[in-house]
Amino acid sequence: MEYPLPKSFSLAEIVGRLGGELIGDAGIQVRQVATLEKATPDTIAFLANERYLGQLKITRAGAVIVGEQLRASLDMPHIVAANPYAYFARVSALLNPLPAVAAGLHPSAIIHPRAIIGSGVHVGPNVVVEDGAAIAADCRIGAGSYVGAGATIGEGSLLHPNVTVYHGCILGKRAVVHAGAVIGADGFGIAMDEKRWLKVPQIGRVVIGDDVEIGANTTIDRGAIDDTIIEDGVKLDNQIQVAHNVHIGAHTAIAACVGIAGSSRIGRYCRIGGASGIAGHLTIADHVEISAHTLVTKSVREAGTYTGAYPFDTNRNWRRSAASLRNLGELTDRVRLLEQQLQQGKKGKS
Amino acid sequence: MEYPLPKSFSLAEIVGRLGGELIGDAGIQVRQVATLEKATPDTIAFLANERYLGQLKITRAGAVIVGEQLRASLDMPHIVAANPYAYFARVSALLNPLPAVAAGLHPSAIIHPRAIIGSGVHVGPNVVVEDGAAIAADCRIGAGSYVGAGATIGEGSLLHPNVTVYHGCILGKRAVVHAGAVIGADGFGIAMDEKRWLKVPQIGRVVIGDDVEIGANTTIDRGAIDDTIIEDGVKLDNQIQVAHNVHIGAHTAIAACVGIAGSSRIGRYCRIGGASGIAGHLTIADHVEISAHTLVTKSVREAGTYTGAYPFDTNRNWRRSAASLRNLGELTDRVRLLEQQLQQGKKGKS
Amino acid sequence: MEYPLPKSFSLAEIVGRLGGELIGDAGIQVRQVATLEKATPDTIAFLANERYLGQLKITRAGAVIVGEQLRASLDMPHIVAANPYAYFARVSALLNPLPAVAAGLHPSAIIHPRAIIGSGVHVGPNVVVEDGAAIAADCRIGAGSYVGAGATIGEGSLLHPNVTVYHGCILGKRAVVHAGAVIGADGFGIAMDEKRWLKVPQIGRVVIGDDVEIGANTTIDRGAIDDTIIEDGVKLDNQIQVAHNVHIGAHTAIAACVGIAGSSRIGRYCRIGGASGIAGHLTIADHVEISAHTLVTKSVREAGTYTGAYPFDTNRNWRRSAASLRNLGELTDRVRLLEQQLQQGKKGKS
């Protein structure tokens, strides 16, 4: 990859392309995005979180992206956007296009003669593409990645280095898959039989929609019989485990280190916090938010936020509450007894 | 890998090979296994969980595998088996044999002249096998995998692509190792000395028995001094961390995302739920079941089920219980005081 | 790698090189370190934990490393050291030097003509080094590893096989990076816009100091705008997730399976237990210890030990306490009411 020198844009050009309302000198040139704290005059910063209001007063940024509530309250050039963080994402994408990569197959890549490679595809060094696999137009396949027999990678997808896609799995268009991700390994299907585990063949696939991003070292297992399904627009962070036959609804975002057990069905537009778990065979409704470190053990039928992390404390305080917690059932009984005694005492008196 | 067209079997052939009792038309042909829900007439389904009894009435499957309690209660052809899920596993293995792979070393594989490769071995593209490593007969080593100096892979093992086996580690017969697994990296051995961490060399190995399966991106560290041991028939799901000098007893099954800290010893036939943890230097008896998201902080001497996940709730309810939990020690004291006061009140009256 | 036959050292040679005080026969030769339990007469063991005092009486070791409190209390040869575990680490390093590896670039390695490779560097098979990357003197780059465009690997570093370093990332001197680690994948930056997630380009880098060790399958994301920073001497175990813009202070040690969310800042000399989590945008002071399975949800301003794991129990007992926990807020109210009633009862009497 060759990285181009960053090109600069005037604020006028930016609002011309991306909309928003510019207040201030339209001729200011910016070359890069920046945080308010580290901005220099040739950069554009943003404020999406009131926590950083203080930094707005001292930033050296050439311009800043803000929400409606700060319109015209600033001396510096600012762009007013309905959603400053999304606007910032667009500005950053404008200033930081993916470096161009020449189409072509690296001579060290090992591509089966019956694999199908679309136009404009870049296949990096040491990539292996097996029999019957299909890589659609304008994909980039990073060094050392593996695309198994009959697997399909949709148009415009980007596989970073050392990704493994097992046989028969399907990725949609514009997928981004980070290094070390494994798509389509066998689900954990075992049956106990005469004191030994029998392996249950995992004959389903992983089928992934369009515009899905998959983080580094995330694993998505193939289905046991039917397929594991990831719908359009799902965003998975790093080190997530998606078990066999899970179904994740469109536009759900899952933070790092989450594990989803077999056959659970997650709704659309859910947000699942880091290191949470979803037990197997559950259904989670649309628009459910799960807090970090929460284990969901029952289906969730209503949108809302659900939580189940132990509140951390100093070890000294924790020891006390944790010891009491072991006896909480008994404590509850003691309170019930006290209530009865007090009630009887009153009756006795009356 | 070339995938054969699925061959069909008559029900008579199936019970002829696998046992069980057939009730219904022995000439029915099935080509694949299926879920009750999605079955077609050329498939065979199974019922191992009463939760799916309703689907049994409407399935289009050509036949179904059931337990004794449903014998002759169905109009459709059915095979009665003592353990329907295990029987299903055997049927699926019969209908879905691993695709044949020609023996041979891919020309891009880099195999040290002092490595020993058994007969019938398939070594995929870009595999690296170092000095003194030994790969026994009928193994398949997936593309991009690495077998370190002096490592040994037992007969009939299957390493999927991009597996790393460090020097000196030993895998038994019929191992299945999924992509991204790392066997034999250094354990986390550090000693604080004059405000800096010294590395403690990790000179043990990983020694793995027969019939072990290791999931995608699972890591098993080599021993610090003695070896890390995984006994026969252990089944490890994805993204598990096994620290140095852990010993896992035969036929134990561990779900995804579990972490086992250094030198702990897990018994035989244990089942450990997803994302659980075992602290270091503990002993877990045979036949122990650990629920998901449980941290085991003391040795477990008796078989049974152990649990320690925070019960999840709506965020609103959780906030209330979690806040109270911080004061639970104090609450316990208050209840004790109430009990004393009430006791004294009674004495005062009597 | 070729493994040398272990060389033996006399106890006199060991204290000559490493200090400590020898009591007993200085001519005893040892060839390897060992645990007390499995030691043979040609090995040296150590006692750093009183838990193993019983083994000291029956060990067959040729010599043992102990602390001051055991000076001259043993019949066998012993070396007295202020910090026996650190002394043991040094002895083990003396007896187990890294096997020598010849400098040179494996012919299968694919090294961009504009990459810079220092003297004495060993580049293994199938390694890919991209445009503008720099690998300083005496590094070893393991088979199948990937060093992205413009990335820098400091002097004397060791990358094990199948490591991925994304473009522009910087590793300091003497780094040790284990297999499957991914350094510099995109942070999880997404902005919701008109019911779809927009990707926020991740333009920062990962910048890692000297003497850092990174475990197998650990992932460290590049910064969203500014860099993700790992200071000198940080030790990361396996399967850790470090999100974008995290800053980890020098000499902090983190156990396996920990997740640190975006922009959090961890102090120096912290110790974080396995599978813990640090929520985003927090600050953790120096010398903080976090217990295993703890989720830190607020900044920690003072050194000390902090804990938040649910105490595990038999499933039967857990069910009882967990059910009560859901009603703990209500129980607290009931106790308050009892206190009021008792107080009023007393007032009524007086």
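A, B and C label the chains in the order they appear, each numbered from 1.
Assume a residue touches a chain if its C-beta (ideal position, glycine included) is under 8 Å from a C-beta of that chain, and two chains touch if they have at least 3 such contacts.
Note that the coordinates shown come from a computational prediction; the quantities given were computed from them, not determined experimentally.
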Working from the CA atoms, figure out how many degrees chain B turns to land on chain C, in steps of 5.
-> 120
Given over half shared residue numbers means same and under half means different, the chain A/chain B interface is different
How many Å are there between the centre of chain A and the centre of chain B, using C-alpha atoms for each centre?
-> 25
Got the chain B residues that touch at least 2 other chains?
-> 108, 126, 144, 162, 180, 217, 239, 257, 275, 309-311, 313, 323, 325, 327-328, 331, 335, 338, 342, 345
Chain C residues within the chain B interface of the complex = 1-3, 32-35, 38, 51, 83, 85-86, 88-90, 92-93, 96, 106, 108, 124-126, 142-144, 160-162, 176, 178-180, 211, 213, 215-217, 233, 235, 237-239, 251, 253, 255-257, 269, 274-275, 292-293, 309-315, 318-319, 322-323, 325-329, 331-332, 335, 338-339, 342, 345
Chain C touches which residues of chain B in the complex?
-> 108, 110, 126, 128, 130-131, 144, 146, 148-150, 162, 164, 166-167, 180, 182, 185-186, 188-193, 195-201, 203, 217, 219, 221, 225-226, 239, 241, 243, 257, 259, 261, 275, 277, 279, 281, 291, 294-297, 304-311, 313, 317, 320-321, 323-325, 327-328, 331, 334-335, 338, 341-342, 345
